[in-house]
Amino acid sequence: MNVGFIGLGRMGRPMASNMARKGFRLVVNDINPDAVKELEELQASSAPTAAEVAKKSDVIITMLPDGPVVREVVGGADGIIANAPKGALIMDMSTVEPGTTDDLAAQAKAKGLRYVDAPVGRLAAHADRGESLFMVGAELEDFELVKPMLEAMGTTIYHCGGVGTGTRTKLVNNFLAVASCQFNAEALALSQGLGLNLESTLDVIYGTTAMNGQLKINWPDKVLAGDTSPGFTIDLAHKDLSLIMQAANTAKVPMPMAAAAREMFSAARARGFGAQDFSAMVDAHCDLANIEKPRLKK
Amino acid sequence: MNVGFIGLGRMGRPMASNMARKGFRLVVNDINPDAVKELEELQASSAPTAAEVAKKSDVIITMLPDGPVVREVVGGADGIIANAPKGALIMDMSTVEPGTTDDLAAQAKAKGLRYVDAPVGRLAAHADRGESLFMVGAELEDFELVKPMLEAMGTTIYHCGGVGTGTRTKLVNNFLAVASCQFNAEALALSQGLGLNLESTLDVIYGTTAMNGQLKINWPDKVLAGDTSPGFTIDLAHKDLSLIMQAANTAKVPMPMAAAAREMFSAARARGFGAQDFSAMVDAHCDLANIEKPRLKK
Amino acid sequence: MNVGFIGLGRMGRPMASNMARKGFRLVVNDINPDAVKELEELQASSAPTAAEVAKKSDVIITMLPDGPVVREVVGGADGIIANAPKGALIMDMSTVEPGTTDDLAAQAKAKGLRYVDAPVGRLAAHADRGESLFMVGAELEDFELVKPMLEAMGTTIYHCGGVGTGTRTKLVNNFLAVASCQFNAEALALSQGLGLNLESTLDVIYGTTAMNGQLKINWPDKVLAGDTSPGFTIDLAHKDLSLIMQAANTAKVPMPMAAAAREMFSAARARGFGAQDFSAMVDAHCDLANIEKPRLKK
Amino acid sequence: MNVGFIGLGRMGRPMASNMARKGFRLVVNDINPDAVKELEELQASSAPTAAEVAKKSDVIITMLPDGPVVREVVGGADGIIANAPKGALIMDMSTVEPGTTDDLAAQAKAKGLRYVDAPVGRLAAHADRGESLFMVGAELEDFELVKPMLEAMGTTIYHCGGVGTGTRTKLVNNFLAVASCQFNAEALALSQGLGLNLESTLDVIYGTTAMNGQLKINWPDKVLAGDTSPGFTIDLAHKDLSLIMQAANTAKVPMPMAAAAREMFSAARARGFGAQDFSAMVDAHCDLANIEKPRLKK
């Protein structure tokens, strides 16, 4: 089985190297010759263009910077889709917008090719150590086909559903992982601004639902189970947030995310959710955005 | 030792009852007679006014709705401070703004009285079961004095520092606990809006730093230890956030907190933090707000 | 007719002085003796306390820092309401929250006293020159009574409606006047960040609806007249805002208000307003907040 | 002189028609045949492809949906740039991001072609009546060349500067014009939520700086002239905004833009701008974003 690997950057290089070390026969390509040379030293062969890689491969993996580059390399006039043999499988591991995955998957299907989106979680350091996390969108038998390759590059592999669900799950997960940096930044800036001792504050935060226990511990038995009766009402939560905004403004600690949150609690109260449990904020937001409320299947 | 307890509402009633059941001699008061009657059935005595309670007590606990009421009952012309015997201790467990605690603590001190702020974490249901969490601001020996009482009402007691640190820590903790409802609401609304399966998405989120592992797992060894070298740069994090905002807007899923976060990542890049690790967002925010950057003591 | 004037700060001093110069017999008070001295030099008499001022006055004007001080001076145990002669009129010109005005107006009425809220627009410099703007909440004949005094202090007097409407109108007007500073700051920061010439950009902005012509020129004939058929759809407006956010983020120009606006356009599209005229954003927002849509009477 | 016109949609159709009626010899194209037929009835000739139009034209105008389509039609392998005669001039009137204009202008220059960006202000209704507004980025003699054509389509033509300044000025102007819909929506929702009479409130707003007099009347003599001494301090403005947020939350009127503005006023105070005039918010924001402060040339 020949595996093409296009895009040997900060992530692609260690990931392709791990595959090569674990015996996969790779045909690699990158517009940066140094990257290619490094893989050749690991017995990978190379090809000058994506088209050449595609012609020689059963599976072609791409790990490219962004959507526009992926559209060019995979779906371009002389790209992978135009050159891959019938029945070949294309697996894009880049972080792209859903539209790119959907368009390219449709294009591939029309040419009798299979498509898998498998964006990568965790850090580049994890990729170096083969400890990446994958969120995979694929038909079942395609997932089975690529699984050994993903296992050569990572330790945690989620089959999120059909083609396109990997890209979409990555966005949801990335929002929480990335935006939580600003979320925590506002919390610690407030702690510093109020003159608190960092260690003591972290002790408390590590021990309470502040550690996002809401989503893991509380919500499965409350709103996600359809129970919106209050443990703690949205009205009282809004009152606490108002207190926080007052204290933060008095201490001149700007908290843009906290301010945005408070206005959404205000909207929830205006729309009659005030007496419900504060986990019902997801219902209030879905109601506001005309989206079906999330419920776990019984 | 006589303990006064003023404010027998949703929280105060079960908390005072737990103290009464565990043998504390209580003198209670509330403007709502039914609440008082319930405590009298548990062998607590009562008094018609806060002033009366204060005169008969060594320790006076208050669990009142908000700052203005606490200022009235504790610091009013005929309130607790005006009537408590010299050396008595006042412990306010209400959720108030720092200014209220600081003013009343100063007023108490001027009258030779001691003051402790011990706001309450977790839900009313925990208070019923005596499983509350307390964030206590007190001098050491005052903390020792009230500890047994807190243990009669709760299972987790943090001594956050001197008087006023309890109130302030509660605000920081509450911000994370309360605003995370809207934060998670936007994540699940995006998941629903992108047509993902709830169970699969939660599987992934529960397994990654989305579970706020940032603050507990990553940050102590990165920014809080003074190491801002990238695992994952603020520039790339900003790129992911831009992708998330694009996908959310395309799917008509409004995400006010995500949008606010992205602009702060943009400000961090504008201020030269782009190449640092995304944990350094706390440095960028403290720099923007003229606040000392948080570092753990070695 | 004796007029009491309590609060001779940056605003009160010039305003009281203008009244004194125009022949009003004033009894003034302030906790700052210098302020009082200045008014005495203008033939105003003074009194040591608010109570004393109240006893000697038919009309008592207050120009104090904020709500808590106004509550204390007007409604306190020994304040104005407690001491003013039956039928006297209290006019508060301070900027306070609606609750303060409503409570004190009710308290005054219970004591047979009349109440007027007349917060002040424009700058302190205008107050110096007697060119202030007043937003007055009062019964008709009380408005007639205070009008000459307001004319002694200002050039533009709006009778907004019954008691309480002055305070409320001031908040709405202040939001636009004050928040527009940040709104314009983001526009000019974007202009600078995109390397544009300031003069040329201002030329364009001054000539288009950017000068908030929306509210004054477009809306009266569109949404406020019930016509939400598109001149320019919310969908296209959202597309433009997305372009603006993309360009701003590329140029590292943070725009928090623009980002917040875009998410509300996204919510409007999610709630079926996308094909309506962009003036219908007020309908979308009132719908989201469960508030009656604003329509001009035919 | 032959003028090509590609893109005959809601805007392009009336604009091309106005040019045809005023005697311009047009060669038109659109992927929608009906649009083309309408122009043919006005003696315009047509061509099946952009390439054909380009070959026959001295000036080629495009009025297409967005950046990606413009990149395709103007810069595509067989697009306008690839087919236009040496020295021809391309004028794009579509609303695109600056990157698109810059890339295509560079591509055109490399082929000895001239490029002008002239995005369109005001509504489609204005385009129908030939009353559009143009923000033009062009070298001087190119501006002179296209001016008569713009005058055939519009009544207000701004020469903003070199190539690319039209696109950028459109973004700045559009931000103010479009986001002001949400800004005014929050103001009127607050007015409705506080139970005010719409007509009375609009009377006041139309008469004060709420009508964005800040940017046109106050700023040129204050911050833009380097005078940041207070008429009204950022501290007091922040106090008013806090009052507004408190009243809005009490009345359950969500105000996301107001909340975002307040946090930026808080950041300005934290960074030492509190005692400056509230027009200095633009300095605070440029300082926060590492951007040169805007000053009018003396």
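To keep things simple, chains are lettered A, B, C and D as they appear, and every chain counts its residues starting from 1.
The rule we apply is simple: contacts are C-beta pairs under 8 Å (C-beta built on N, C-alpha and C of every residue); 3 or more make two chains touch, one makes a residue touch a chain.
Here's who's who by UniProt: A, B, C, D = 4-hydroxybutyrate dehydrogenase / sulfolactaldehyde 3-reductase.
The model shown is predicted, which means the values in this text are computed figures rather than measured ones.
Participant: So which chain is the furthest away from subunit A, centre to centre on CA atoms?
Facilitator: The chain lying farthest from subunit A is C.
Participant: Using CA atom averages as chain centres, what separation in Å is found between subunit A and subunit D?
Facilitator: Using C-alpha averages as centres, the distance is 34 Å.
Participant: Let me have the rounded angstrom distance from the C-alpha centre of subunit A over to the C-alpha centre of subunit C, please.
Facilitator: 46
Participant: What is the distance, in whole Å, between the centres of subunit A and subunit B, each centre taken as the mean of its C-alpha atoms?
Facilitator: Taking the mean C-alpha position of each chain, the two centres sit 31 Å apart.
Participant: List, in ascending order, every residue of subunit A touching at least 2 other chains.
Facilitator: 246, 252-256, 259-260, 262-264, 267, 270, 288-291
Participant: Testing understanding: with touching defined as stated, what is the shape of the graph linking the protein chains, line, ring, star, complete or other?
Facilitator: complete
Participant: Which residues of subunit B touch subunit C in their complex?
Facilitator: Listed in rising order, the residues of subunit B that touch subunit C are 238, 242, 245-246, 248-249, 252-256, 259-260, 262-264, 266-267, 269-270.
Participant: Tell me, which parts of subunit A touch subunit B in their complex?
Facilitator: Contacts found on subunit A: 66, 95-99, 121-125, 133, 135, 156, 158-161, 165, 168-169, 171-212, 214-216, 219-220, 224, 231-232, 237, 239-241, 243-244, 246-247, 250, 252-265, 278-279, 281-282, 284-286, 288-297.
Participant: Help me check something: in the complex, which residues belonging to subunit D touch subunit B?
Facilitator: 256, 260, 267, 270-272, 288-291
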